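Next, two complexes with chain A in common: one pairs it with chain B, the other with chain C.
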Partner chain A sequence: MIAHAVFFYLFAFIAIVSAIMVTAARNTVHSVFFLILDFISISCLFIMIGAEFLGMIMLIVYVGAVAVLFLFVVMMLNVAQQKNQWFASSKSSSHIPAGLLVSLIIFFELIIVIGGWKYKPDLLNSSTILISNTTTNTHSLGNVLYTDYIHLFQISGMILLVAMIGAIVLTFRQRAGLKKQSYIKQISRERADGVEVVNVPKNKGVKIDV
Partner chain B sequence: MNSFSILFNEVYKILFLLIPVLVTVAMIVWLDRRVWAFVQKRRGPNVVGPFGLLQSLADALKYIFKEIIIPASSNKVIFILAPITTMTLALIAWAVIPFGENLVLADINVGILYLFAVSSLGVYGIIMGGWASNSKYPFLGAIRSAAQMVSYEVSIGVIIINVLLCVGSLNLNDIVLAQKNMWFVVPLFPMFVIFFISALAETNRPPFDLPEAEAELVAGYQTEYSGMMYAMFWLGEYANILLMCAMGSILFLGGWLAPLEIEVLSFIPAPFWLIFKILFLFILFALVKAIVPRYRYDQLMKLGWKIFLPLSIIWVVITAGYLLYFNLLPVQL
Partner chain C sequence: MINLDLIFPEIFLSLAILFLLMVGVFKKNSERLVYNLSTILFIILLALVLNLFSIEEKMIFNESYKIDPLSSFMKSLIIVSAVFVMISSFPYLKSLNILKIEYPILILSSVLGMMIMISSNDLIVFYLGLELQSLALYVLAAFNRDNVLSSESGLKYFVLSALSSGLLLYGCSLIYGFSGSTNFTYIANTSSSIEYGVIFGLVFIIVGLAFKISAVPFHMWAPDVYQGSPTSVTLFFAALPKVAALTVFIRFLYTPFINLIDQWQTILVFISIASMVFGAVAAIGQSNLKRLIAYSSIGHMGYALAGLASGTNQGIQSSVTYISIYIVMTLAFFSCLFMLKKKEVFYEKIEDLSGLSTNHPILSIAMLVVLFSLAGIPPLAGFFAKFYIFTAVIEQSMYFLAIIGLLSTVIAAFYYLRLIKIIYFDKPKEKFETDHTVGLKFTLAISTGILVLYFLYPGLLNEVISKISII
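Right after this comes the complex of A and B.
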């Protein structure tokens, strides 16, 4: 049991420190790396409470895919420079109030979450989902997700699909006069299409149209 | 005292797994160069030791005694962490690989997810190295490589779903035991081919070695690395290749199972079968390196997103439909 406590406090400590460092780090890329460390330690905590499937999916989706894209964007954009410019220039004033508003909302939500902790036993008792020790975490999740909550599950998938298509539509620009390569054309090109033997009349030449 | 003996036992087991893996990685570098040479009618490394077997040892010694140069304008902490990350991630994945019925370090329920997660984390070593070098070629190489690895991971994930549909469990030992009657390479052969090609791309092997395309990017993300740190990248890469081979042999070639249920074949212990299969897949990797020319980058992306991903998703539908129609689903609803 003591080993369990040691590991729990280790991961919890790393999670909290790295979460603080995400906001405190000067270098934006460093804060993304701290975010990744935070994700990893939280997935370790998930695994410790027996939610192994959630922990692994957290690793695969957030660390393996989402954080890589974060890192891409942060590395490419030179955010640190922009941040300094924003705070220095007078035009920036519209960003700060919006950011403050969002962070205030999140702050109050967090307070409400902690307040709701009091009702946790009632909520657990009202749930119809049974936690059994015999089936694995993955099986029981699948049993709930694909039976009782199939519609919600499908709808969330649809929302993600719409978001994906929306992102593609927003960034897709078709420009005129763009030359594209087509494999089928490249591969199916025969000698006859490319080479033509012409009998050139003397002192006249030929007209080659390209 | 009791917990100490448990700890000691675990450390002993871990060393018993890790040291052979590291030695195999060193040997496999030699094998790779040897196969490559034979295809091109050269001799390959044949000077150090019998058949040049000790070549990797000589290389390692050379790397150890070389100076490690850290560029002045680099981000030093991340620069040093990058090869360590690559190496660590390549090694921790071996914890769940089953070498026999009970020969596994950690027999966890979500083994295949763990493998997938660790292999998808592998991209960080490359991004970190490329960014921390603070130089153009490594950065471009890292960006290319990250985009490539993320793209091919998607299709590997869908291929894993194909196998899982036939198994009904995420445990690696269950996956192996489900292939007792027939290896999954037979019914899921197209998926095996796609997995193999995606594994080539995932480990940045030729023909998908664009991250280190020396004609364009010097050496990609490894450009600024030297000495032992370069060697760690290199070893990590080969350990990753070995890991993908292990994953392929567990998912499709029946892991530690003998090919046929014959006395003579089952006389050979289970771990050897897994090792044979890993070696077989690795020789295929090495042959591909020798035979196929490098892909163009846009072709590579097109192959990943427009051909492999749709194909593997279609195959998921086919597999699920087949299993449902003939009532062969492994888990009863």
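Right after this comes the complex of A and C.
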């Protein structure tokens, strides 16, 4: 049990520190690296509570795809040089007090909420979320995903389709005057189409019109 | 399997989207074909939805999807207005050169998302429907991508809407954590006792929804997005998503959280008053017609929410009536806006209206009807919409809300009347073109006709709406 607690606090600490560093890091590339670290430690936390599927998906999707994509975008847009300075600069800090105030209020409200939860002993009993020890996380997800939640699965598919259409609409540009290769034309070209044998008179040359 | 006919409209619409995509891919230059096909598909869809009108209340997919008079009415309202949006905005899209096959397809998918939202009886279904419709709307807002304003409005809407979706999701997770279920019916049975977590989640969700219908204080995005997007998309924004979000408001507040009415009533009254006052005051200084209609719609949403805040069936029905008439007014207003065209340029400044009556008497009369109706002057439909709201509110003895509402109506009447003054009494400008398409003229004629003639037989609409009873 003590090992469990040690690991939990280790990962939780890393997650929170790296989450802060994402916003505080001066270099945008560093921010993305901290984001990846954050994702990894959160997926470790997921695995620790027995949600191994969620943890692995987090690793594959967020770390493997999304964060790497972020990194590419950041590197390509060359925003790494831009100094992220909302902590340091003295000029544009007028909105920081208001933001801090709002976050403080939300923070205290959350403490009330979580406190109410913590000291309410019968909550776990009244909860309908059944946690079974025999079936694994992945197994039980598979049980419901294509049966009880089939409509949600289909709607998610539509959302992804719309995202794809949207990305294409906003970025795809038809370029004019693009030269395309046509295999059929290339293959069916005969020698007679391209080569002409000309009798060249001596000392006269031949006029080639290009 | 036997219940599958209850979601037949949604299945049909999904298949229609895929079919139109295929048509667009395999047939070259088929923009016009896809556009017309999607209008026809909307009409078929309307028939399918009307087919379900007689169903009292049925649930499918483990009670997560609900078909009842409210959902049927709102779905048909959305589809009818989508048809009119399609037929009225065709010339605009063509002359702006942004008619692509994806445009109608995105509209269709956004309507699909709205239908899912309207029927949702579960937090997950509701959220997925919301995301589907907003994702299509982000792209539509930025559709005129070579225009800086349009791209900016798309980006702005995307960032702010994603933020509000985050808040909404956070609220959903709190509610799930504290009540143990995402299903509205189930939450209603468990959340009788007041728990901080549930109320906290409820507030977050109200914030998210208020953002979607652009109610104060979550309205900041509306004027910029309305102004920046292409006018056809602005029309879509101003009309359809509000119907869907208002329906979710009704479902959400009156199914799972009817026991917590004391908690959310105050919030709703505040949002409603703030929207009415802000919508009336902030619109005065505007010079762009699209910005003006954005502020006007903020105000109108305030009235619709006032009906909801009353907490009675009558209040809900008055809100539904209000939003129906609001949509007709929006359609009529934007049809007028589409007619202000000269040499492929569309005019959207208030000063362009100057002296419209000398050159375009019929258009001016239509504009007059719309503006009087927006201001709520009898005997036009807009008056009755406000009248029902105030009756419902006063019957619950919420006099403060009613008085503020009436006062802001008076303030709002100022800028509507100012437009009429500019149209009728200012110096005439150059003539606009008059060769409008049949669809546009038809839309304007129908919507203005409804506004003028509603008072002759208000029972026609009221009878359908009176079937909606949530409590």
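What we mean here is this: the second predicted complex is superposed on the first by the 129 of 210 C-alpha atoms of A that agree within 3 Å, B and C clash if a C-alpha of one lies under 4 Å from a C-alpha of the other, contacts with A are read in each partner's own complex, and residues count from 1 in each chain.
In the analysis below, a contact is a pair of C-beta atoms (placed from the backbone, for glycine too) under 8 Å apart; a residue touches a chain by one contact, two chains touch by 3 or more.
Note that the coordinates shown come from a computational prediction; the quantities given were computed from them, not determined experimentally.
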item: A:Ser188 touches, of chain B and chain C: first, second, both or neither?; value: neither
item: Partner chain(s) touched by A:Glu52 [first = chain B, second = chain C, both, neither]; value: first
item: Touching partner for A:Ile165 - first (chain B), second (chain C), both, neither; value: second
item: Touching partner for A:Asn199 - first (chain B), second (chain C), both, neither; value: neither
item: Chain C to chain A touching residues, read off their complex; value: 7, 14, 17, 21, 61-62, 64-65, 100, 102, 105-106, 109, 112-113, 116, 124-125, 128-129, 131-132, 135-136, 138-139, 142-143, 145, 154, 174, 177-178, 180-181, 190, 195-197, 200
item: Chain B partner contacts - residues on chain A that touch it in the complex; value: 3, 27, 29-30, 33, 36, 52-53, 56-57, 59-60, 63-65, 68, 71-72, 75-76, 136-139, 181, 183
item: Of chain A, residues touching chain C in the complex; value: 109, 112-113, 116-117, 123, 126-129, 148-152, 154-156, 158-159, 161-163, 165-166, 168-170
item: Residues of chain B that touch chain A when the two form their complex; value: 3, 75, 78, 108-110, 113-114, 116-117, 120-121, 123-124, 127-128, 131, 139, 143, 146, 150, 153, 157, 170, 298-299, 331
